[in-house]
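Both of the next two complexes hold chain A, though its partner changes from chain B to chain C.
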Partner chain A sequence: MPNQDRQHPAFYAVLVTLVFMAVGPICLMFINSFKLDVDILSGTSGLLFMPTLQNYETALCDVLPYEPDHLEYCSLKIGGSFTNSLIISIVSTALTLVIGCMAAYALVRFRFMGRDVASMTTLAVRMLPPAVLLVPVFGLWNNEFCIDKDSFVGELIRDTFGGRGDICLAGTHSGIILVYIAMNLPFVIWILQSFIVQVPRQLEEAARMDGAGPFQVFFLVVLPLIRPGLAAAAIFAFRIAWNEYLLASALSDRDTKTVPILIVNNMSEFNIEWGVIMATGMLLAIPPIIFTLLASRQIITGMTAGAVKG
Partner chain B sequence: MNRMTPYLFMAPAAVIIVITLLYPLGYMVYGSFRDWDPSQTIGETEWVGLRNYIVLYGDPAFRESMWVTLKFAFWVVTVEMILGVGLALLLDRNLRGMSLLRTLFILPMMIAPVVVGLMWRYMYHPTVGTINRWLKEFGFSGVDWLGQHALLSVIIADVWQWTPFIFILSLAALQSLPSSAIEAARMDGATNWQAIWHIKLPLMMPVLIVTCLLRLIDAFKVLEVILVLTEGGPGLSTEILALRISRTATEFRELGTAAAMSGYLMLLLMTLTAAMFIYTKLVERRAQRLARMVAEAE
Partner chain C sequence: MYHDADTERLGMPRIELSKLAKRYGDIEVLHGIDLAMEENEFTVLVGPSGCGKSTTLRMIAGLETVSGGEIFIDGKPVSHLEPKARDLAMVFQDYALYPHMDVARNMSFALRLQKVPQPEIDRKVRDVAEILGLTPFLNRKPAELSGGQRQRVAMGRALTRDSSTFLFDEPLSNLDAKLRGQMRAELALMSQRVQKNMIYVTHDQIEAMTLADRIVVMHGGHIQQQGTPEELFKRPANKFVAGFLGMPPMNFLDGELRQDGDALCVIGDGFRVALPEALADRCQQRNGNGVVLGVRPSDLSLDADGSADETQRFALDVVVTEYIGAQSVLICNCASQRMVVELKSDVPVGLGQRMHFKINPEGIHLFDADTDAAI
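Take a look at the complex of A and B:
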């Protein structure tokens, strides 16, 4: 029996190439984010340059406690967008998890009328491209899902926050959060189902014998047991919400725009400031990268659970 | 236990899916039959029947966009399936650093598509971009990536980001195969290739088909990478349907037309999914018949 760990040298060469190809572009962006535009564009590729934090200072100028020397005014206000991105993705992830968990539990553990319809629907809406949602959501959020400014609640909000016209979902954090919850729900329900199936029924029955109601059983017995599944689902939901551009750009206004919108807006200019834009890109990429490094096992389990069960 | 309990558990999800996905979907279909621009509420618009659909059907630019979408989806899924499954077969060994390797491989798919577009836009840059710089270093002439070969460039970027997805799923499928079947084949003197071709791939088939379907559905969702890389250009060469819909809605402000485009996109997706679903059933039935024949022969 040959040693399983020893491989042909060519195999390792292939391996190194693969890793290089997978991580290379990310490293390139990382390195370039510490270069001045002069160095990026000069054509001397490689590692011989003076690393500088200037790009990050430019990108983060509105949250820095001091004023960077090289800047005359702060044009790229990433701080606010960053806060928006954080609020929107954290709130939507949390809500998606709670709501999705409950639905998945019902689909796995109960036999009820309409169960098949519900199950088929969650499966079917999973294939909806965001672009298809764009038009109707844009129309609805701007014109139909509104509170009349003359109504009692409308007046109350008007008086508190100011502004003119009806109060609509478009342009608010909640408008975007609602869309992201809906976009993530089908997937989260699907993944969690495969984890809930594995929870032994006896545990739930024992808890019920001790007098726990269905909601107690769910929150105190089932939820703690499917923690790995929850972690995986949370990462996927967060990833979608954190990275999404299209619907956010249609539904946000000046004050609620997220980081991806900022990047796209700055990419369509004629003169791209590569250093700054790559620093911004890096800031957007760092949270998902950290999650991946910390929880790659959960991510992989989640991915396979989501697909193999289908 | 109360009879209402399951409904209470389902209610929040059901309400959100109905309000935010199903109702808008109906709204979109309704809007696609109307002459609709963003300044109007849908009640004020004029009913035009199938006009939006008919006009689009006769519009060469729209047809081109449909065709680009299909080409993009076909090539992306094909290349990624071949590469991903190939890599999984190659790397299905007892390696020490395997978990680290898998972690590094999934990095690209966790990063925002917008950022992926940004990275590749830099690498494709005609003069300062990494790829052309290297090509020149080795004596080749630079390639006009985002101009002449825009569709290819966009496909490469997507392949870079999503091949790992197929790789991970196929690897998981490979590692859950019954080792007895492969061992038996080996005992009968099957070569590595024969074992792959006659044992491993057929056994992986169910997972592969699901993976392929998931990827196909996702290929129709791609938008941001292309938006950042080429903005659909040059000309219409990379303007996939999703991009055209968003442009029609936000730039040209023709919501009715954009809704009809969305309708076409949904039709296309549903047709493809249904076709794949039927194909899967056929494959399954054939496999079952084969198994029965073998059993009867014995």
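Take a look at the complex of A and C:
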């Protein structure tokens, strides 16, 4: 009997290759994060090396309770960047979901002029490479969306947070969050549309007969049923926001830079600190993993089973 | 006693439709129907699919907009009101249970929206679950229930609400035949017990006949006839109603009215049937006109010894016999036209055999050949 289930050896060869391609770089990053730069670059030692936590100490120098011996000066502010990344990713994900689910619901259920056009356009926006957005957004965020420093509000903000010049979107968390929302919305709307379509219309009618208003129908009946879709969209939006480099590099300033940008700061004209980059990379991977594990628990199929005669 | 008069008036509201119409774009699917439902009446809207019965119900419910005419509940126009303002409970064809809530929460959804205190909600849910036999399932999700149980939950959801009027949109059509019969009986029992207005939409004439106080037969966006099941069965207003109610359906034979001796007869291909006096009196003016003769299969009985008068019987050639237990259905030829006869199964019948059937004179229906209206 077991023989019947056995596959051709080539099948296993392909599997091993795929697994190696997926896991290999991560293993390499993991191993190298425990090596000194000398070991990484020598290329001879392979798996034989003296593991060290030095790279992690360097990467985490500003949050460690002690001062590592090998460092004269702590140049990496990972604590701050990590907080920035978390704030930006979580807030942008949350807002994207809130706006996205309402927009998707409207596109699916309401009849209005230009509905199909609107639905198509959201996807078309997605086809635009972010690099195209970079220059115009940079210009707008720096020059147009500003509050005059002499105005009442501008003065108030200046007095509270300090600094010179007008208060602009560029260099703020909100500036980056806004761009990420714009970037993620089309896809989130698109995913959620396909989930909302599956919610039987009769359920909404039943809720209306039971005395629910439009918002009650949406929040008490539709939203619980598209929870898997929300989770999938959340994972997607969070990871895009967490990994994004290009726009963040242009729109953030010293105080708002995110972890990916911090990593690149380890490369300079004279030296690339591979060990530190690897260690920071490992740290960078942790939040999305935790987030994905938590969110994927919500992805259960068959949410609408039993609602109507199938 | 003013008090008594008040409570009486506050009892169950009357529902009235006045010139109610529905258009989708240029297509009118409901052509201005008028209908009045009395207090505590079990009204069944019945008709073939696409006749506008579901649309009518959904307009009463407030799920469809009204294109013309008005709906009155207790004398008040309601067509501009949201469903929740109309105080109606509805049972959907596909159950439409909230899959993320258990049975108890499904049934209490409306009450929770109304912010009814929890103890009262619990009591009502318990009472209704008791009536419907759902007590053991209160903590289950709809996905874990059978079709019949889901249908009961859907009814329970309507019952907990204490609405004045219940709307049913083909509630039994998804159940298998045996369960449907069982649920039909339960529904009849329930409607007797709760004494509310019920409006019930179905395409199944047996459901309509067994449940209804008043049947409204619809076809092509018009009301064809309304009345008690007996009225409609015995005195159909037109050929459509006659053919729609009753199983097996009524036989229709094309013929012509002609004076034959001292009796007025319908004469057609292969038959000559004398009309009973009352009917003949109504037809005097139509002598020579084309008519359609309608006879229910149950109004024909075997004339074994050939004693009946020739104008009181049909001579039919048996084509097919369908054995269905105590009764058999014979499909026969009357010259070029088809006829269906119901017969006790113990009578031996040979295929191709010519047999004589006596007509119950009460069971002769005549329809105008042009307008299809009953004469």
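Rule of thumb we're sticking to: the second predicted complex is superposed on the first by the 280 of 310 C-alpha atoms of A that agree within 3 Å, B and C clash if a C-alpha of one lies under 4 Å from a C-alpha of the other, contacts with A are read in each partner's own complex, and residues count from 1 in each chain.
Following the convention adopted for this analysis, contacts are C-beta pairs under 8 Å (C-beta built on N, C-alpha and C of every residue); 3 or more make two chains touch, one makes a residue touch a chain.
Being a predicted model, the structure only gives us computed values, none of them experimental.
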**OP:** May I ask you to decide whether A:40 touches chain B, chain C, both, or neither, giving the answer as first, second, both or neither?
**Re:** first
Original post:
Can A:144 be said to touch chain B (first), chain C (second), both, or neither?
Top reply: first
**OP:** Check whether A:182 is in contact with chain B, with chain C, with both or with neither, and answer first, second, both or neither.
**Re:** first
Original post:
Touch check for A:228: first (chain B), second (chain C), both, or neither?
Top reply: neither
Original post:
For A:80, is the partner it touches chain B (first), chain C (second), both, or none of the two (neither)?
Top reply: neither
Original post:
Touch check for A:205: first (chain B), second (chain C), both, or neither?
Top reply: second
Original post:
Looking at the overlay, what does A:26 touch: chain B (first), chain C (second), both, or neither?
Top reply: first
Subject >> If touched residues of chain A are counted for chain B and for chain C, the larger one >> reply: B
Original post:
If you lay the two complexes on top of each other, which residues of chain A touch chain B in one and chain C in the other?
Top reply: 208, 303-304, 307-308
Original post:
Any idea which chain A residues touch chain C in the complex?
Top reply: 200, 202-203, 205-213, 216, 220-221, 224-225, 302-309
Original post:
Which bits of chain B are touching chain A when the two form their complex?
Top reply: 1-3, 5-7, 9-10, 12-14, 16-17, 19-25, 27-28, 31, 36, 38, 41-42, 87, 90-91, 93-96, 99, 101-108, 110-115, 117-123, 127-128, 130, 133, 160, 164-165, 168-169, 172-173, 207, 210-211, 213-214, 217, 220-221, 223-224, 227-228, 231, 241-243, 245-246, 249-250, 255, 258-259, 262, 265-266, 269, 273
Original post:
For chain C, which residues count as touching chain A in their complex?
Top reply: 61-63, 82-84, 88-90, 92-100, 109-110, 113-114, 141-145, 147, 150, 157, 161, 174
**OP:** Flag every residue of chain A that touches chain B in the complex, lowest number first.
**Re:** 4-5, 7, 14-15, 18-19, 21-23, 25-26, 28-29, 32, 40-41, 43, 45, 98-100, 102-103, 105-107, 109-110, 112, 115, 118, 121-122, 125-140, 142-144, 178-179, 181-182, 185-186, 189, 208, 214, 218, 239, 242-243, 245-246, 249-250, 260, 263-264, 267-268, 274, 277-278, 281, 284-285, 288-289, 291-293, 296-297, 299-300, 303-304, 307-308, 310
